[in-house]
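Both complexes shown next keep chain A, but they swap its partner, so chain B is in the first and chain C is in the second.
Right, the complex of A and B next:
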C-alpha cells in the first residue's frame, strides 16, 4: 500500500515537472529535453528485447524509420503531399492516409509491431543469434525501400513539412508511460518469463514457458514503442529522410542500454541523459584540436570511434553497466536496509 | 535473353559468387568454433582492400600490396579475437555479440575518420582489368582469375581442414572446446588460426570485390558482409562447402534476377535478406547443415 502511494506521488510529481518544463523553459533547453525524451522511449523499449529477454537485436533504426514514415504520412495534409512528391505522384493510398496526432502515433506503433510479428516467425523458430543479423539486414532493407519507392516515401528527398505537434508535453508524457509500462511488464508474469528465457532457455522450456511466444511478445512490444517514438521523432523534427535511420541510431541506443545496465529500466533513463549529454559534450572531438601546438584537423566521426571503444571496454570490464539488471530503487533499498540492520542490531 | 547474354551473366555470377564464397567461409568457420556471428568480418574485408590501396599508394607493386593487405587483415582479425573476444569466452553470448558489433562499428568509423567516406578508385593493374573478346562474349581477365583463384583457395582450405592436424583440431573444437583442451590441444592457438584463415580469405574476397567494382570506401564491408553471412546460412552455417555453395547460389541469383528483371536493380541488395528469411523459415539448417546445435565442417 505504502509502495503504491509512493508510486502515485512520483507519477504526479513527474507529470507536474513535465508540465512545468513545458511552460517555463526556453526553446533550446526544451529541444534537448525532447531529444532525451524520444531517446528514452526508444532505449527503454530496446532494453526490453535486448536486456530483459536477452535476445540480441539490432532493430531500432528499422522500426523507428517505419514509425516515422507511417506517422508522417498520416499527419501531412493532402495538399502538402501533392506539392511535396516531386519525383512521382504519391500512391493513391498515401493520399487517403489522414489521422490526428495520437491516432497517427498509435498506427505507427501498430505497424512496427505487425512487422515485428512477421519477422518473429523466421527468426525465433531457430534458436540463436539470427535475430541480430536479420534485424541488422532489416534496417538496410527499410532504407532500400525508402529510396526505391518514391510513390510512398518521396525517395531520397524524404518527407518535409510534417506538422510539429510533438511538444515536450507529449514527448515527456509518452516517455513516462513507456517507463511505467516497461516496469509493469518486467514485474508481471510475462516479465518473469522473459527473464527466464534470458537466463536459461532450456530451463524455461522445461518449466512450461512458451519461449517462442514470449520472445515474440517482447519483440512486438519493443517494436510498438519504437514505432511510436519514430512518429514522435518525425513530428519533432518536422522533416525525415532515409539517411536519418542508419545503423548509427541503433548504435547510440545500444550504448545507452549497455551503460544503464541490460535489463534495468531506471538505469536506461539515467544512461539516456548521460549519453545524450556526452554526445553533445564530446562534440569537440570532431573539431580541430590543438595538442602541443599541433593541429589535428577536423575529424567528423571521431566521437563514434570513441563511443565504439567505450562500448567494447564496457563489455570487457564493466559488463553490468551502472545497475546491472536491477532498478535504482532496488539498489537504494538494499543500502538503506543494510544500514538499518547494522544500526538497529536485532531490528 | 539470348544465349550469349545468358553465358555472359553466368560468368559475372561466377565471379560475384566467388567473392561471397570467400567471405562466407570466414563467417561459417568462426560460427562453427565459437557460435559467434562475427559482425566485424565484413569490415576485415574492407581493411584488407584498404591496406592494398594504401600500400600501392605508398609505392609498392600490386602483388606486394596484396600481400600487405592479406597480412594486415590477418593481423586485425587475430588481434580482434585476442583483445575483444577471448576475454569473453565464458561470458553470456549477448556480451560477445555486443562486443562484435562494437568492433565492427569501430573499424568502420576509424577508417572513416582516417581516410574519409568518399569512395576511392582501386588501383587494379592493367593485366587484371583488360578485356578479352570471344565472339560476342565480353570477358574481363578478372572473370577468369577470380573463380580460378577462389577454387584453388577452397581446395587449400579443405586440405587444411581434412588432411592436417590443425584442421582436425579445428573440427574438434567445433564439437566440444573443453574436451579438446583436455586432449592437450592449444585451443586459443587454434581459434587464432581460424580467425587468421577467415580474415585472409575475407581480404582476398575484398580485393576481388574492389577490382570488380573499382572503388573502395570504409562502409563497403557492411552490405557485402551481410550478404556473405546470408550465403553461409543458406549453405548451412558451420559447413565450409556449404558456405561456398551458398555464395555461388547467391551470386548467380543476384546477377540473373537483375538481368531478367532490370526493374528490380534497385533491390539487388535486398535479395540476400529475403534468401535469409526464406531459409530460416523453411530449412533453418541450410543446404549442407544438419543440426545447428552441433558443430560440423
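Right, the complex of A and C next:
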C-alpha cells in the first residue's frame, strides 16, 4: 500500500515536472530534453527485447524508420504531399493517409508491431549471433526500401514539412508511459518468462513457457514503442530522410542500454540522460578553451573523444552497466536493508 | 493391473549411426517411484528427453495417461502433466528463489498481457494467490526463508530443492528427476529422499527417476529398469536388481575364469 502511494506520488511529480519544463524552459534546453525523451522511449523498448528477454537483436533503426515514415505520411496534408514528391507522384494510398497526431502515432506503433510479428517467424528460428545478423539485415532492408520506393517515401530526399505537433508535453508523457509499461511488464508473469528465456531457454520450456510467443510478444511490444518513438522523432524534427535511420542509430541505442544495464529500465533512463545530455553538455570541449592562460584552440570533435573515454571508464567500473539487471529501487532497498541490519546488530 | 500412467513402447532413438536407445519398453504405474539406472551412456537421459519431447524418438511410441504424446512439443508436454529437472541444475540465475518457482506457475496465471500492463484486478488477484501458493510450496521444501535470495547463491542441496519445487509448481502428474542426488553428501541425500516421499504423497505424484547412488535407489524406488547400451536388461525391485547377474555384468564387467 505504501509502495502504491509512493508510486502514484512519483508519477504525479514527474507529470508536473514535464508540464513545468514545457512551460518554463527555453527552446534550446527543451530541444535537448525532447531528444532525451525520444531516445528514452527507443532505448527503454529496445532494452525489453535485448536486455530483459536477452535476444541480441540489431533492428531498432528499422522499426524507428517504419514508425517515422508512417506517422509522417499520416500527418502531412495532401497539398504538401503533392508539392513534396518531386521524383514520382505519390502512390494513391499515400494520398489517402490522414490522421490526427495521436492516432498517427498509434498507427505508426501498430504498423511496426505488425511487421515485428511477421518478422518473428523467421527471426526466432535462430538464436544468439545468428539472430543479431538476421535482425541487422532487416534494418538495412527498411533503409534500402525507403531509398528506392519514392512513390511511398520520396526516396533519398525524404519527407519535409511534417507538422511539428510533438512538444515536450507529448514526448515527456509518452516516455513516462513507456517507462511505466516496461516496469509493469517486467513484474508480471510475462516479464518473468522473458527473463527466464534470457537465463536458460530450455529450462523455461521445461516450465511450460511457450518461449517463441514470449519472444514474439517482447519483440512486438518493443517494435510498438520504437514505432511511436519514430513518429515522435519525425514530428519533432519535421523532416526525415533514409540516412537518419542507419545502423548508427541502433548503435547509439545499444550504447545506452549497455551503459544503463541490460534489463534495467531505470538504468536505461539514467543512461539516456547521460549519453544524450552528455553529447550536448560536453560541447564546450569543441571550442577554444583557456587553461592557465594557455589557449587550446578549437578542436571540433574533441567532445567525442572525451565522451568515448568517459564511456570506457564507466564500463570498466560498472561492467554490468550502471544498475546491472536490477532497478534503482531494488538497489536502494538493499542498501537501506543492509544499513538497518547493521544498526540492529549494534543495538 | 490398471492402465499405467506412462508407457514407453518399443522406443528406439538413433543419432546418425549411434543407437542410443534400442527397442526400449517399460511402464510406470500411477503412484509409484520408478527408477531408471544403468552405466554412463546407457541412454537414461535420452529417454527422458524422448518423454519430454526434446527429442522425437526414431521409432516407437510414448503413451501418457492414455494419450499418445510422441513428438509433442516440450512446453505442451508440461501442460499435459509431465515436469522434469535437469541433471546439471539449471536455475534462472538472475532471479530469486521465489521468482524461479513463479515461472513454474506461468501457465496457471490466466491474466492477459494487457491486464498486466494496465494492472487490472485479475492481475492483482492471480499474483497474490499464486505468490501465496508458491510460498506454501517453498515451505513444504523447507526453504521458505530463502524466498528472496538469489537462486544461485544457495547451497547445492538447496538449489536442487528449488529446481524440484519449480517442477512441482507446474502441477504435474508425473515428475521426472534426472540424478536428483548427484553431488550431494549423505545427509543432503537423506534430506532429499524424505522430501521426495513427502511431495509424492502431498501432491499425488508419480515419480520416474534416474540415479547412480544405489543406496538412494534402494530407499526410494518401488520398481526399476536397468538400461545397458540402450537396452532393457532388467525390470523388478531394487533388491532383486543388485543380485541379478546381467546387472552386475553391466556395471562391473564379465568375470572370466582363468
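Annotations
The rule is simple: the second predicted complex is superposed on the first by the 301 of 347 C-alpha atoms of A that agree within 3 Å, B and C clash if a C-alpha of one lies under 4 Å from a C-alpha of the other, contacts with A are read in each partner's own complex, and residues count from 1 in each chain.
Definition applied: a contact is a pair of C-beta atoms (placed from the backbone, for glycine too) under 8 Å apart; a residue touches a chain by one contact, two chains touch by 3 or more.
Everything numeric in this text was worked out from a predicted model, so none of it was measured.
Contacts of A:263 after superposition on the shared chain: chain C is touched, whereas chain B is not. Once chain A of one complex is fitted onto chain A of the other, the partner contacts of A:122 are limited to chain B, with no touch recorded for chain C. Once the two complexes are overlaid on the shared chain, A:319 sits against chain B while remaining clear of chain C.
Of the two partners, chain B and chain C, it is B that touches more residues of chain A. Applying the stated contact rule after C-alpha superposition, one finds that A:200 touches chain C and leaves chain B untouched.
When both complexes are overlaid on chain A, the residue A:92 reaches neither chain B nor chain C. Across the two superposed structures, the residue set of chain A contacted by chain B and also by chain C is empty. Of all residues in chain A, those touching chain B in their complex are 50, 54, 56, 58, 121-123, 125-130, 132-134, 136-138, 140-141, 144-145, 147-148, 247, 251, 254, 258, 262, 299-302, 304-305, 308-309, 311-312, 315-316, 319. Chain B contributes residues 35-37, 39, 84, 87-88, 91-95, 97-99, 101-103, 105-106, 109-110, 112-113, 117, 222-223, 226, 229-230, 233, 266-267, 269-270, 272-273, 276-278, 280-281, 284, 292-293 to its touches with chain A in the complex.
Across the complex, chain C meets chain A through its residues 52, 54, 74-75, 78-79, 83-84, 86, 90-95, 99, 102-107, 109, 111, 113, 116-119, 123, 126-127, 166-167, 169-170. If you check the complex, the residues on chain A that touch chain C are 181, 184-185, 188-193, 195-196, 198-200, 202-211, 217, 263, 325.
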